[in-house]
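In what comes next, chain A is part of two complexes: it sits with chain B in the first one and with chain C in the second one.
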Partner chain A sequence: MIADIGMLSLTMALLLAVYTATAALYGGWKGRWTWVESARNASVMIFFMLTISVVAVVYSLVRLDLSLAYVSEVSSRATSLFLRVTALWGGQRGSILFWAWLMSAFLAAVAIRKWDTDRVLMPYVIGVATLTTGFFIWLVVFVANPFARMWVVPGSDEIVKAVLPPRGATPFIPVDGQGLNPLLRHFGMIGHPPTAYVGFTGFVIPYAFAVAALITGQSRSDAWIRTTRRWTLVAWLFLSIGLLLGGRWAYDVLGWGGFWGWDPVENAMLMPWLTGTAFLHSVMITEKRGMLKVWSVVLIILTYLLVIFGTFITRTGLVSSVHAFAKSSLGLPFFVFIGIMFLGSFTLLLKRLDTLRSEHEMESFLSREAVFLFQNMLFLAITVAVFWGTVFPMISELVTGERITVGPPYFDKVTGPMFAALVLLMGVAPLFAWRKQAARTLGKALWGPFAVATLIAVVLGFWQRMHPAAAFGIWLVIFVALTTLLEFWKGMKARMTVRKEHPLEALVNLIARNRRRYGGYIVHLAVVMMALGVIGDGYFQKETQAPLRVGQTLSLQGYTIRFDGLRQYMGSDGREVLEAQVSLFKGDEFVRVLRPRRDYFIVQQQPVTIPATHTTLAGDVYVLLVGWEEITASSATFKIYWNPLIIWMWSGGIMLIVGTLIAWWPTRAARREVSYVLRPGAMRPQPSSGG
Partner chain B sequence: MRWLTVVVALAFLVALVTNPPSVLAQGGENLPTDDEVNAIAKKLYCPVCPNTPLDVCETLACKEWREQIRDQLAQGWTEQQIMDYFVAQYGKRVLAEPPREGFSVLAWLLPALGVVVGAGIVIQVLRKWKARRAVATAVPPTVDVPPEVVARVEKELQDLW
Partner chain C sequence: MTTQVAVNTTARAFPKRWKFLVGTLVILAAVLYLIVTATTENAQYYLTVEEVVERQTALGDRIIRVSGAVVGETIRYDPQTLELTFTIAHMPGDPSEIDEAGGLAAAIRAAVNNPDAPRLRIYYKGPKPDLLRPEAAAIVTGRLGEDGVFYADEVLFKCPTRYDEAPPAGAAQEG
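What follows is the complex of A and B.
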């Protein structure tokens, strides 16, 4: 009954989407405002209809309505309430509905909030955003329907999953469901997938605005960029959080001692993040200097294409990956959709090239424009490298017939130097002035941080016998941290002398008055912190493994574990738990008890190794139970990782969120922000539409 | 997933036939440690699981492969010999990174080429911008702006920062 209501509203949503896109585009084209208004209202209705469908799926999952194929795929009697609810995005069918729902939420929000300020663009924004949302709703209805039931067709062994019964079929209701993929049975289920999805879908807004600006010719001005700046930041922030939580989840569950494995699906999420970050920077040049207009449009189109490509990879099982829990025949529709979007967007861009002429020029290679350009180039080059590494196994198989692996060492070697160059540019870019930077003042500003960083890196490098690359990494981190902190100090000093403010007051006021700028610098500092985490993981990680009898010990990096015993019990949710108890000592001093375990999921026949970690500021002790004596349980094999500096990764992540929120926070000033054009010939203040 | 199990089983059989495990041949005294085994397994990829290094892979097959590395080490094989053996047995996919020969060279060349071409384009664009400025400055501004307006704008810009 509830499922039928969900199915009905889902169908309504699809019809509404068709109507909305048609009415919006037609109204915009013919200048019929009533059509556009109707489209706006319909776009809000899409969100309501999909909300009903989502509630219906969640209700069916919670009540374990096993007549639905989706419920039996991702839920079971043993599944906890928490996992039943989050199972909404735990499998193919539900996750695409969830995706479409989030996208429709963005669509409805923008249709309501930006209605009065961006009338000219609105018909096309609604039209374009509804087209892509509609594609996903279509997928939900026709390809991966969460309301599909199971049917037994006479004369066939297979169970048919369909909404409408095939001829002569009888319904099939299993006794119990299969339950969620074991790897997903974790608290992280509430964090990583939803944030990642919000991040992905959020990029529909800047994309729709860019395309609308191209269609209307409004691309001449940067109004669309100003309008979407904070929407883009929201999408970017959630994508960043999604990446971080994904890393944390992998660290806690996958048991390989790290947080990033260059898995195709991780890459699929990293790529739009890279181009999105490049976009956030290139629009600064577009806004401030009227340059790189084409480039900014290209970047947002690319970002959105990569978002769709990312879902394509994740949801189709095209490449093998730890995320390949959702395989299906979605490939072809996705392929066609990406093709249409690609051709459509870029044809439009080419037709409107004349509206995107650069307004300004620069005076010197030593200028912020030049630094920004190189930075953008690096972001794109890393994206290309990641893309190439991700698809290369497929290409190789196609061409040579042999499947090869492109693993972490490849990505580390190829993208590592580029990331390093990027971090370096991040450190020096704020010191460059627009147009022209005198080499002398630049040298003066950089001299101090350079000397301090070099001194520390050289001393530390020799003392700790570091790998040269590691020492360089340390140098880079210190240098960039110092140059960025100096920017804060310069601003604070100015306020302290001019306005006689207390240092702390000066800092707070400085940030509060220039939220965008200093929020950005805080994000830069966060990136430096995370870089430190990456260096620790990459160059200073240590590991050891040995079989231990009860009472025996194993040492690593000043820590010792003592094996105290094994115990086996039936855990919740259909798992057999084998838990080891080990005592952790630092030197001779007892620190705490750790309980690494191995969960064996009986139905799925899948083991999951859950590490036990002890976190300190210097690093994590990460203990894994990798093997044991089956019968006597008197001995077990442990692997210990020493993961130094890893806490910087997570604290850097929190800092990134704080910085982005500061940059995002609306200012009253932003509303009357004026677009200054510095050339006297064109010096007319243009009131912007606000952020 | 059933075919995968079959493939694993077959791969096993092949491995057993072509290279019988040499457990009996060992002295048992100076068996290579887990760390020595992992150091090599780390550089290899599980031939059957998606994107999983051999040192952390949990399947039974991988466990056996690690034991095989231990045996080979005990027999005095070098790291290179073991790696070569695995490549010969299971194909190049067991290597963590594409070999720098044959078609896979492309995997390495393209990103490098991308950076070179990208840098070239950036420099070209910068040159163009500079050149355009030379032209732009040659033409005097056509609209006169009163100096007080310029002063006001400058002041407001100052305040903005």
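What follows is the complex of A and C.
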């Protein structure tokens, strides 16, 4: 019954989407504003309809309506209430509906914004965003419907999943469901899809504005960039959080001591993040100097296409991957949709190239504009390299007939130097003046950080006998951290001398008065911290393993673990837990008790190895229980990783969120400008207001 | 007067544009060089068990990647030494062939139950992966030893019943 209502509202949403896109684009084309207004209202209705569908799926999951195929795929009697709710995005059918719903929320939010100043864009923004939303609703209805039921067809032992019964079929209701994939029952994997999807769908809004600006010729002025700045930041922030949560999940659950494996699914998320980051920077130059306009538009188009491509990769498993969403019938529709959007976007861009002329000429290599241009190139180059590595198996199979893959070493080797160059640019860019920078003043500003960083890196490098690349990494991190901190110090000093402010007061005011700039610098510092985590993980990780009897010890990096015993008990969510108790010592001093464990999910017959970690600023002691004596439980095998500096990855992540929020926080002027009240009257055509 | 100015700007703009063009080309060349060398250095053949068994000697010391179906009763794991061995059976590598076989789960079952399917013994030292189980799809990366055993540096597993759209009724028992 509830599922029927959900299916009905889903169908309504699809019809509304078709209507909205048609009415908006037709209204915009013919200048019929009543059509556009109607489309605007309809687009808000799509959100309401999808909300009903989402509520229906969640309700069915919570009540365990096993007549629905999706419920039996991701939920079971043993599944807790919380996990039943999160199962909405635990499988393919639900997650695509969830994607469409989030997208429709963005669409509704953009529809009800105040359109007084830029209403010429409105029909196309709504039209383009609705086309994307509509595509996903179509997928939900026809390809991956969460309201599909299971049917037994006479004369066949196969179970058919469909909304409408095949001829002569009888409904099939299983006794219990499969339950959520145990590997996904972790805060990182529960928070990862929603944040990643908000990030993915959020980027559709700036894309829609860019396309609308191109269609209307408004791309001549860069107003669309100012309008979408905060939308872009929200999308970027959530995509970043999604990446971080995914990494944290891998670190906590997959038990190989790392957080990034260059898996196709990870790459699929990283690529739009890369182009999105480049876009965020590129638009600054477009906004301030009227340059890099083509870059900005190309970057947002690429980000959008990579978002769709990323959804395609993660949801279809076309590229083989540890992330085990199997291939499905989604492939062809995605391919066609990406193709259409690609051709459409770039044709439009070429037709409107004249509106994107640069207002100034690049004057010197030593200028902020040039540095931004190079960072755009680097971001794009990294994206191309990652894309190449991700699709290489498919390409090689098409061309040579043999499937050839490139593993993580490829990605490390190619992107490592480019990321290093990017971090370097990030450190020096704020010191570059617009237009032209005198080399002398630049040298003056940089020699201090350069000398300090070089000294530390050389001493540390020799003392610790580091790999040259690792020593260079350390140099880079110190150098960039210093130049960035120096920017804060310069601003603080000015306030302290001119306004006689206390240092802390000066810092707070400095950031509060220039949120975009210093929020950005805080993000830069966060990136430096994360770079430290990456260097630690890449160059200084150590590991050891040994079987231990009760009372025996194993040492690594000055730490010693002593095996104290094993115990077994029934955990929540239908798991049998085997837990080892281990005492951790630093030198001879007792630090704490660690409990690495192995959860066995009975219904799924799935073991999950959960590491126990002791975190310090220098590094994590990461202990895994990898084997044990079955009967006596008197002996067990442990693997210990020393993961240096990894805490900097996660704390850098939190700092990145803080910095982005500061940069995003509206100033008072902006707050007045933006009103979310739905006032259809305000958008009637007013003669000659000059858009 | 006006022409003079115009000539001047182009004269000044030209070398600048050249400079940027050269700069861009240098970056482009560096990036291409990186991509090409890293690709050739790290290219691994992704083969099926049958292809590995056929080419055995031709493979030499190359690092390759093989996929196959895990034969349940062959899994041996020594928790003391962390030595893991198991056998994988040939299954089709082409997605369309897997589709023809009735999906990944069915393709794996057919591979494991076919006594004539080429098989490959895998040796791996390390913690037993959580996803290793009978009738899992394995993707192993490593070298083929002279003794015909495949020495893996990395093993990955995919369990079709978990994520595929397999009938849930049987799934709980199938494992």
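Going forward, the second predicted complex is superposed on the first by the 651 of 691 C-alpha atoms of A that agree within 3 Å, B and C clash if a C-alpha of one lies under 4 Å from a C-alpha of the other, contacts with A are read in each partner's own complex, and residues count from 1 in each chain.
Quick note on the criterion: a contact is a pair of C-beta atoms (placed from the backbone, for glycine too) under 8 Å apart; a residue touches a chain by one contact, two chains touch by 3 or more.
Since the model is a prediction, treat every value here as computed from it, not as a measurement.
Look at A:Y410: by the touch rule set out above, it reaches both chain B and chain C. In the superposed pair of complexes, A:F392 makes contact with chain B and with chain C alike.
Look at A:T637: by the touch rule set out above, it reaches both chain B and chain C.
When the two complexes are overlaid on their common chain A, residue A:E361 makes contact with chain B and with chain C alike.
Once the two complexes are laid over each other on the shared chain, residue contacts for A:S38 go to neither chain B nor chain C. Of the two partner chains placed by superposition, only chain C is touched by A:P174; chain B is not.
Applying the stated contact rule after C-alpha superposition, one finds that A:T544 touches chain B and leaves chain C untouched.
Once the two complexes are overlaid on the shared chain, A:A381 sits against chain B and chain C alike. Of the two partner chains placed by superposition, A:S583 touches none, neither chain B nor chain C. On chain A, the surface patch touched by chain B in one complex and by chain C in the other comprises residues 255, 320, 322, 324, 361-365, 370, 374, 377-378, 381, 384-385, 388-389, 392-393, 396, 402-407, 409-410, 413-414, 418, 545, 547, 607, 609, 627, 637, 639.
Of all residues in chain B, those touching chain A in their complex are 33-35, 38, 45, 50-51, 53, 56, 58, 63, 91-99, 102-104, 106-108, 110-111, 114-115, 118-119, 121-122, 125-126, 129-130, 132-133, 136, 141-143, 145, 149-150, 153, 157, 161. Of all residues in chain A, only 255-257, 261, 263-264, 291, 320-322, 324, 358, 361-365, 369-370, 373-374, 377-378, 380-381, 384-385, 388-389, 392-393, 396, 399-400, 402-410, 413-415, 418, 514, 543-547, 607, 609, 627, 637, 639, 676, 679-681, 683 touch chain B in the complex they form. Contacts from chain A toward chain C in the complex involve residues 69, 72-73, 91-92, 150, 158-159, 161, 172, 174, 176-178, 181, 183, 255, 320, 322, 324-328, 361-365, 370, 374, 377-378, 381, 384-385, 388-389, 392-393, 396, 402-407, 409-410, 413-414, 417-418, 545, 547, 603-609, 624, 626-629, 635-637, 639. Per the touch definition, chain C reaches chain A in the complex via residues 13, 16, 19-20, 23-24, 27-28, 31, 34-35, 37-39, 41-47, 65, 67, 77-82, 93, 95, 104, 126-128, 130-131, 133, 139, 141, 156, 158-160, 162-165, 167-169, 171-172, 175.
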